[in-house]
Structure formats: structure tokens, C-alpha cells
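The following pair of complexes shares a single chain, subunit A, combined with subunit B in the former and subunit C in the latter.
Here is the complex of A and B:
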């Protein structure tokens, strides 16, 4: 297994008090698998990504409970040196905005070289990596700065930087959100190709179910700091197991349904400081009954062991997947 | 680049002309005349004598003619002759500049050497006890009046402990010293003034550095650097510091004119014959050529400093290119 997160809890310091934004999250990624983590803005999905190598700034918040296992090591028990080693060679990130994620005053070459744990044959490895991310045009150009590249090229640089140490886990946090639609597709294709070629294990974090479905093998749907549904991509897309997942699907624009109105989810994601008592989604849910407000539901099987959902009514209600609508 | 600098330099000429016209007019139209000392307070001076004096100094001509005359001389780099002691203005300024420049240069180097590390370390340990103590320390330097601190230090270090001389820039028997002793003597004389002026200037640069650094440390590329597994030292002193230092370059360029402008209070307390006192004395005696000389050189350096700041900014920041 490339990654296993168990019972992860993260609190942010907001106005002097700790507010839990990841409330006991379980997630696992098999070797060579791409797992999509999807949810609305502010559901805590980026926090999960940052928590994996403990990148949450201390002043902002802290991990209060759980295990994050990379192979046989628990990241949460590592000292500074062990943590640096994990960041340097085991886990890599690609962040949302490539322009602000690259240091403006260092050359692309310098920043790439820094990401190499072993500096021997650096030039060869950098050239090879640039080639494989489709940046053969800047190979050998050691004087080029990030601002001289387009957004798509900058994101390719970030990807090159991330795959160069041959990491056991690649975390992509909304890697296409800041890019043009055409460039988005190129980047997604690139990630898919690299994943197959290098047998990368990938955690793909996005608010956009479409991109997640396109690239992932399995999908985890997150709501209010917890996983509410997980399963194989094809199972979820055919037979979603949670009203929230259906809400996300209905929010996607589509050519087939262009004459229909969007069925965006009503209301907005709840504030972490005032979460409802039972099912966190029930105030916005079309299928809610009084029982939903009693207690937070556990994972119920939807269609087989590996497709589960946090909805007590999943056996009673009929939810439509993408292919039917 | 060279084209850009040339264009900027040519652009400075009208600016300098404008500055000189305004200062020339303001100073000549201000109440009081250079001849007052000799004439005003002496009842025996006749009207003819007074006019003769005005004629000698060239003050009987219309103001614009006086200005053009002054400009003609200036175009030959002739700043004129001082009214008070008939020495060339340029010579009077030239003997004062090294003193003021030396003190200010030493003090700004000290400020940078101490202020930047204070700022950086405060930002890294933002809101800690260390950060707060440093804030108090630098603002104490900023808030304490120079004259008060100078007098206290002169009393303690100079008089009670007898460690350092308290006034002037050289000892009475300076001429008999060997060259090494001469240097030590000057350093000893300048230690207090340099310390006092550096202490006062520490707040500016260290707070500026701190806020730059706090801002930079929150940037996405710092998170990237951390995610790459760089050491905390590389993150702070390489990735963050270079970005945070860029704006300081501008500040340095802007501080160039300040390097030759002395402080009157400061130089009076320590009996330092610097630019501040020269300017003050020449204003009090309405020594027009000296006043104009100091002002024109100051204005020229200010403008050059701005230009230098722009050029050096482009040199250190790859994102900025100096082109039309």
C-alpha cells in the first residue's frame, strides 16, 4: 500500500480556539493507483493533502490524532530529519497555482536541481524529466526563469519537479484549477501518462468531479471533514451511494443536458464551527428524514465491500448515476 | 540598458534645472541678505557703502540675471566663492564631505549588518518573545532623541569611564601620530557618533526587513520549497531571504543622498565639522553660493540615487527588465 490514513483529525486555530476541519478521516491508496479526493471548497480536502507530509503551518493548525502510514513508517511520529527525507524523496506535491508556487527569483533549472535528492548526473536526469513532461524546448536552457513560461509550462515544471525523485506518492492538489480548459486537458493527459509509465501512486485532489472521474481509479468523496462515500470510479459514476455525490454530479455542466437547468446542491457547505448534529449533509439533502439528524451515520455498503457510503437511507432511495441522466 | 541609463540621465537635466530655479528663488527672496552682517547692524555704514557691497557680491543685478550668471558658472563646474571667507565653495564642501560621508557610511553599514539579521530572525520567530523584545529594542533606538542619547553616552563612556573622546574628529596632537595611530584616533572619535546614529536608524531597516520576510514566508513558493524537503536553513536564507532583500535595494538607493547630508544637532553635539553644520552656518549668514552648492549637489545625488535604485533593482530581480 502506498498510503494509509487512519482516523486523521486536524484542527485549525480560528480566533483563539481549535476548530476541527478533518474529523476522523480514513483513506488508502494502493501502489500504482490513482485515488481522487473530491469535495466542495472548504471541505478539508487540501488540508488532508498537506497533512500527509505535515505541511500545515504551525501557526495555522495541527494534526491532533490519527496515523499516516507510508509503507511501514508513520509520518506523524517522524523527527525533523525523517520528515525531510519523506518530503525529499517519498512524497511529492503539485499545487494549484504554478505561478505562485515557483520561486520567482531562481531559475527553473536551479529549482529543478534542488528537488533531486542525489545531485549526480543532475543535468541528464533533468533533461530526461523535462522531455517526459513535454518541455523539451527548455532543455539545456539554464537561465530561464518561471515568469518567462506560460501557466501550462509552469505546471509542467512543477510536475517535473515532483516526479524527479521518483516518489512513492504524488499528491496533486487542484493541479488544473488555475489553468485554461485546453491546458487542463493536456495536463490531465500528462499526469495519466506519467502515472502509467512510472507506475506512480497518485492522490488527486479536486472539487471537479469530472476531472476526478477522468483520471482516478477509485474516488473518495469528502464532506465536512469526513469521507462520505468511497468506491471504484465506475461503481460511483453508475450508482452513486450518497445524495451529496449525486449533488456534485448534477452540478457538472454537460452537453447532453445543456437544455436542463443545473441542479446545484442547495445551500452551502456548513461552517466547521457550527456543524449539524447527525448527518452533516442532511440540512441540504433532498432525501432527509428525521432519523438523519439523530447521529452521524457509519459506512453502509452500497454495492459490495469496496463501495461504501455514509447514508442511512441508501437502501431505500434510488440515486441516479451519470450514465442515466 | 545603456540606452535606458542615458535616457534617464538626460531626463535628469530639466529636473535639476527646475530644482535649482526654485531653490535659488526661495533663498534669494527670503528675508535677510549676506551684507546684513556687515551693514545692517552698523549705523556708520552709508547707503553708498551698502550699495558698493551689494555690487561686489553681484546682488544689485535683477534676480534672473543673477541666476543665469550662477548657472553659467555652474556649467563650468564653478560653484562660486563663499561670501563669508572668500574661499571656493567647492573646496569648502570638499573638506566637509569625507567626514559626513564617513560617519554616515559607517552607520548605514552597521545598520544593515545588524538590522537585516534582526529583521530576518524576528520574522522567522514571528510573535515570539524574541520578536517582541527586538521590537522594543529597535523602537527604543528610534524613539530616544539623538541629542539625549549622545549626551548620556558622552557622560558615561567619555567622561566617567574615560574610554572614548567626546568631541571633534581628531586629537590635538594628531599630526605627530603615525598613520596607524591616526586611523585608530579617528575611529575612536567617530565610535560614539556612528553608534548613536546607527542605533536610531536600526528600527527602519529591521522592521522593513521583518515585514518583507513575514510576507515572503507565507508565499506558495516557500511551501513548495518545504514540500521538496529542503532544510529550514535553505528555505529561510535562500528561498525567502533573496525575495525579501529585493525591496531593500531600493531603500539603499534612496539613502544615497542622505549619506552626504549631515545632521546639525548631531554634528553640533559632537563638534564634528560636517555638512550639516556647513549648511546651517551658510544659511544663517545667507552665504548664497555655499547654500546653492550644497543643495545642487544634494539634489543631484538624490536623483542619481533614484536612478541607481532602479538599475540595481533590475539587476537583482529577474522579473524586471529596463526597457523603454
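Here is the complex of A and C:
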């Protein structure tokens, strides 16, 4: 297994209080697999991504419980040297905004070189990597600056920097959100190809179901700091197992369902400081019954061991997925 | 009936030597929702802004009920704005974070009407009701509400003057799916109820396909294809349109 997270809890200091925003989260990624983590803004996705290499700023918050296993090591027990090694060569990140992730005052070449743990044969490795991310056009051009590249090309540079150390795990946090659809797809295709060629394990974080379904092997749906559904991509898209997932699907606008009223999920996500007691989706759920409010549901089987959902009514209610694609 | 007619509109940014809008012509009928799609940087927002003179276009005409907006004296244009409104992409920057929501909405009536204070307040409350928010929002600041609520305030402000034509520039692009769906429902409801005409700008073909009657596809400052939603989605003619459609399939 490339990554296994068990019972992860993270709190932030908000207005002088510690507020838990990741509330006992389990997630695992097999070697060479792409796992999508999807959920609405503020549900805690990025926090999970950051926790994996303990990048949550100390003053802002802390990991309070859980295990994060990378290979045979628990990241949460590592000392400074072990942690540095993990950050430098085992886990790489690509963030949403290529414009602010690249330093405008240094050349692209210098920043690529900086990202290499071992500078021997730097030119050769950089050329090879640029080639594989589809940037052969700038190979050998050591004078080019980030602003001279388009958003899509900048994101390719970020991906090049991320894969150069040959990491076991690549974490992409909303990597295409700032890009146009056609460019988005090129980047997704690139990630999919690199994943296969380099046998990369990938954690793909996004609020966008379309991109998550396009690239992931398995999907984890997150709501209010916890996983509420997980399963193979094709199982979830055809037969979703949680009312929240269905709500997200119904909110996706498309020509096929034109001029119908969107089946929008009513209300909005609860504040972490005022979470309801039982099922956290209860206030917004069309299928709720009184029992749902008693205690937070555990994971129930939807179809086979691998497709589970945190909903007590999953056996009684009929949910529809997206029939096309 | 034809409400807005844009004729051969051109906008050049001389400093960057780009022709952002390159001889664009089209019209929008009363009560019609017309979509404008294209990738970012293709000139969609510039076109929208030129139409209501938020930026100055070098050439062309914009007829509103037969009157050329681009030829109107400034003062006349200002009073004309009540009929043509705009909703912006970014609910974070389009509202002043330090001004209370009640005051933001009342300001609209100070500019456009001769209301008493009490009437203004009542009108502001009404505007909030229309977008599904209550009077409790009057005293809050834009920085203390969610993105979706902020976008509703932007919509309330645009609707407050009873316009007939609204340019919606990526009004849902920065929002989560569930909030996006709520806002699209709201915009469609109001459009039907008041028989408004929209020019709906988006790079998201899903959104366009879901709510528009007609679509115009823009690439590098020009309209490369226009047609009914049915025709464009089922039988695109232009290569660029096909490429955009493939991207969401």
C-alpha cells in the first residue's frame, strides 16, 4: 500500500478555541492507484493533504490523533530528518494555483534544478522530465521565466517539479480548478499517463466531480471532516451510495438535463463549531428520518465490501447515479 | 421583439496590441437567455463590459430599444444603466467588504430613485427577499457571509432597479456545485417571472447548455458559431466548438 491513513484528527485554532475539522478520517491508496478525494469547499480536503507530510502550520493547528503510514513508516512519529526526507523525495505536491506557486523572479530552469534532490546530471534529467510533461518546446531554454508561459504550461512545470524526485506519492490539490476546460483535460490526461508510466500513486483532491470521475480509480467523498462514501469510480458514478453524493451529481449542470430545475442540495454545509449530533448531513438530507439524528452513522455496505457509505438508510432508499459516461 | 442589438463592436487594447473584441454583431430578444462561451482570454468579459460602457469600445453600436448606447451623453447613460445591469464573477471583489449590505443596496436607490429613507430600507428588504435572504442580512458585512450569499447580494443589487437586460459574467464559476445549483435556480426563476433577457457569459458548457435558449461561441475576439442550444450541442459545425464540447464529454 502506498498510503494508509487511520483515524486522522486535525484541529485548527479558531477564535481561541481548538476546532476539529478532520474528525477521524480513514483513507488508503494502493501502489499505482489514483484516489480522488471530493467534497465541497471547507470540508477539510486540503487539510488532509497537508497533514500527510505534516505541513499544517504549528501556530494554526495540530494533528491530534491517528496514523499516517507511508510504506512502513508512520509520518506522525518521524523526527526532523525523517520528515525532511519524506518531504524532499517521498511525497510531492501540486497546488491549485500555478501562478502563485512558481517564483516569478527565478527562471523556470533554476526552479526545476532546485527541485532536484541530487544535482548530478541535472540538465539531462530536466530535459527528460520536460519531455515527459509535454514541454519539449522549452528544453534547453534556460532563460525563460514563469510569466512567459500560459497557465496550462505553468501547471506542467509544477508537475515536472513534483515528479522529478520520483516520489512514491503525488498529491494534487485542485490542480486544474484555475484552468479552462480544454486545458484541464490535457492536464488530467498528462497525470493519467505519468501515473501509468511511472507507477505513481496519486491523491487527487478536488471539489469538481467531473474531473474526479475522469481521473480516479477509486473515489472518497468527504463531508464535514469525514469520509461519507468510498468505492470504485464506476460503482459510485452508476450507483451512488450516499444522499450527499447524489446531491452533488444532481447539481452538475448539463445540456442533457436542460431547462429542468436543479435538484440543489438545500441549505449549506454546517459550521465545524456547530455540527449536528447524529448524521452530519441530516439538516440537508431529503431522506432523513428521526433515527438519523441519534448518532453518527458508521460505514454501511452498499454493494460489496469495497463500496461503503455512512448512511443508515442506504438499504431502503433508491438512489440514481449518472447514466451517461 | 429585439431588445438589444450589438453591431460590429470592436475593442482594442493598444498597449498590449490585442483586439479583444473583433467586429462582433448579435442581438438579444425580450425574455431570451443567450449564452456566450469560450475559453478564458477570448474576450467574453470585455464584450460584456463594452456593451454597458463599463469600458470604452472604439467602434460599433449597441442599440437598446433602438437607441445607440455608445452615442449617449454620459449623464443619460448613467440613468440608462437601471435598465441594463451586470452581475460579476467574483462575489469577493465586486462588493466593498466594509460597507453594510443594507447600505450597498440602498445606494442603488439613492442613485436611481427619489425615495425617502424608510422607502429605501423597505426596498432593500424586498431586494433581499427576492434572492431568498431576509432582513437579518441588512446589517451584516460582505466579509461575514458565505460566497454563495455574497453572490446573491450581487444579484439583489442588479435586480433592484428592475432591469430588462442583465449581463451575467460567470456568475457561478467561483461557487461550489450545490451553491451553484441554488444560484442557477434563482436566476432562472427570476428570469421567467419577470421575463428578463440575459446575456449569460460562461466558460462552462454544462451551465450554458442547462439554461440558455441560444448560444454564441467566441474565440480570439470573434463569434465563430451561433445557434440554438439544440443545434450547437447536437450538431456543432465549427472545429473550436467541437473541441469545447469534447472537453466536457
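Worth pointing out:
As a working rule, the second predicted complex is superposed on the first by the 323 of 325 C-alpha atoms of A that agree within 3 Å, B and C clash if a C-alpha of one lies under 4 Å from a C-alpha of the other, contacts with A are read in each partner's own complex, and residues count from 1 in each chain.
Everything that follows uses one rule, which is that a residue touches a chain if its C-beta (ideal position, glycine included) is under 8 Å from a C-beta of that chain, and two chains touch if they have at least 3 such contacts.
Since the structure is predicted, the reported quantities are computational estimates derived from the model, not experimental observations.
Look at A:41: by the touch rule set out above, it reaches subunit C but stays clear of subunit B.
Of the two partner chains placed by superposition, only subunit B is touched by A:95; subunit C is not.
Touch criterion met: A:147 reaches subunit B, while subunit C stays clear of it. In the superposition on chain A, A:104 makes contact with subunit B only, not with subunit C. When both complexes are overlaid on chain A, the residue A:87 reaches subunit B alone and has no touch with subunit C. Judged by the touch definition given at the top, the superposed model places A:161 against subunit B, while subunit C stays out of reach. Residues of subunit A that lie in the contact sets of both subunit B and subunit C are absent, per the superposition on chain A. Contacts from subunit B toward subunit A in the complex involve residues 126, 219-221, 223-231, 234, 239, 242-243, 246, 316-319.
Within the complex, the subunit C residues that touch subunit A are 39-40, 146-148, 176-182, 184-185, 188, 203-207, 209-211, 229, 233, 243-244, 247-249. Partner subunit B is touched in their complex by these residues of subunit A: 53, 55, 59, 84-89, 92-93, 95, 97, 100-107, 114-115, 117, 145, 147, 158, 161.
Here subunit A touches subunit C in the complex through residues 40-41, 180-185, 207-210, 247-248, 250-259, 261-266, 268, 325, going by the rule given at the top.
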